[in-house]
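The following block contains the structure, expressed as structure tokens.
Note that the chains take the letters A, B, C and D in the order they are written out, and that residue 1 is the start of every chain.
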């Protein structure tokens, strides 16, 4: 699992690549919570390169979502890979997460 | 004709990926719908590593993959602490999430039940078996 | 870190394909050179089914797949009749074929030796093990 | 393993598709030997769709080659898939088999 991070206009943009599964979830959760902690609680998470995700991965997204909201910020998901999209739709979490196919739109939402 | 292959790892989170790799290759070979089958297997094995063995490495985890033209069966076995009776049955069906009360946990059994057609659990003689199966449309492909 | 997965089938020619499927998925996951690894495994398992078990179905065949970043090891195990001592060593290296004296047989051990860097055989306590390994260039890919 | 067979100007053209391995070798060997037996011993074998071949598969090719030669005919291999090509080159059997990437050329050779 590789995590890259940049900041645009006070909004954190993190991209994950690899498999987001139980072996990697604790580390990724901690990194995302640190980013949210140190920033404004506005996080865009690019999931285009996540080839597989299990319920541990989902729980990382939920943790980040709650931490961002707790800081009066928000989480936006950007570019879901097919595997991620099907898991999120299966669990109906698209009703909870803001999902974008365009970085500018995600930035506009969080600005 | 039914054909069977058994995959075995030790109870370490890092080895679950190997099961996924092998399962992915089997799904490709047999033109099975890989996504739900992989989710079901990974969730079942996660549970074994986390709950049956309490995160302790070095214990055996088996996945029996049995293919018949119209049905795929997976049996995940362990020698750890059995699941409490009724726990599988109690796992809720998939439902709309409540944004105010989102839990980061407890979706494993629910996902397994939604990805497979039948799910059963048996603890016997020190071996626990989660048996799952999914009907295959003849010629069903990815 | 070394990671291991064991694949097991019964001694039936029709099940060898499942080993190939699983191995193919593992090679894809780990970006290993699939072609020589699959040849070596299939030839070793063919020999177990044909020679160690004399074509009799229902006996166990195990393939242990052990991955380290710089080396892949495969161990093929059976409980059948062991290979005669010296047989592996006697298998000829690859050489130009003689069109006048082409044999349709006996390329298995030769292929295994040419696809892998090390090949060893041990019969002990009723279990026979053909151990093969191949160095991996770090980052070597298909 | 699927075998299709047609005849052009007295030359047999068989195409294999699938995995040519120990489980399938006896059947394929028998079919090819029948074709050679019933025909003129001139066989073109299309291997484009053979995704994997082991030494049992090679031995089928050798048997067909010998049977064709015994009838004063010949075997031509057409369109090797990458897996077949690498096995044949590994065993240097390209020194023995006539290999073509063009059906017309294979037909010309056997005519």
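Keep in mind that, in the parts below, contacts are C-beta pairs under 8 Å (C-beta built on N, C-alpha and C of every residue); 3 or more make two chains touch, one makes a residue touch a chain.
As the structure is a prediction and not an experimental result, all values here were calculated from the model.
Averaging Cα coordinates per chain places chain A and chain C 43 Å apart.
Mean C-alpha positions place chain C and chain D at a centre distance of 26 Å.
Centre-to-centre separation of chain A and chain D, using mean CA positions: 54 Å. None of the residues of chain D touches two or more other chains.
Chain C has residues 14, 17, 20 in contact with two or more other chains. A linear topology is adopted by the chain contact network, the touching chains following one after another without closure.
Of all possible chain pairs, the ones that touch are A-B, B-C, C-D.
The touching residues of chain C, counted against chain D in their complex, run 13-14, 16-17, 20, 35, 38-39, 42-43, 46, 49-50, 94-97, 99, 102-105, 107-108, 111, 114-115.
Contact residues on chain D toward chain C in their complex (touch as defined above): 19, 21-23, 52, 54-56, 58-60, 62-63, 65-66, 82-83, 86-87, 90-93, 95-96. Considering their complex, residues 1, 3-10, 12, 14-15, 17-26, 28-30, 65, 67 of chain C touch chain B.
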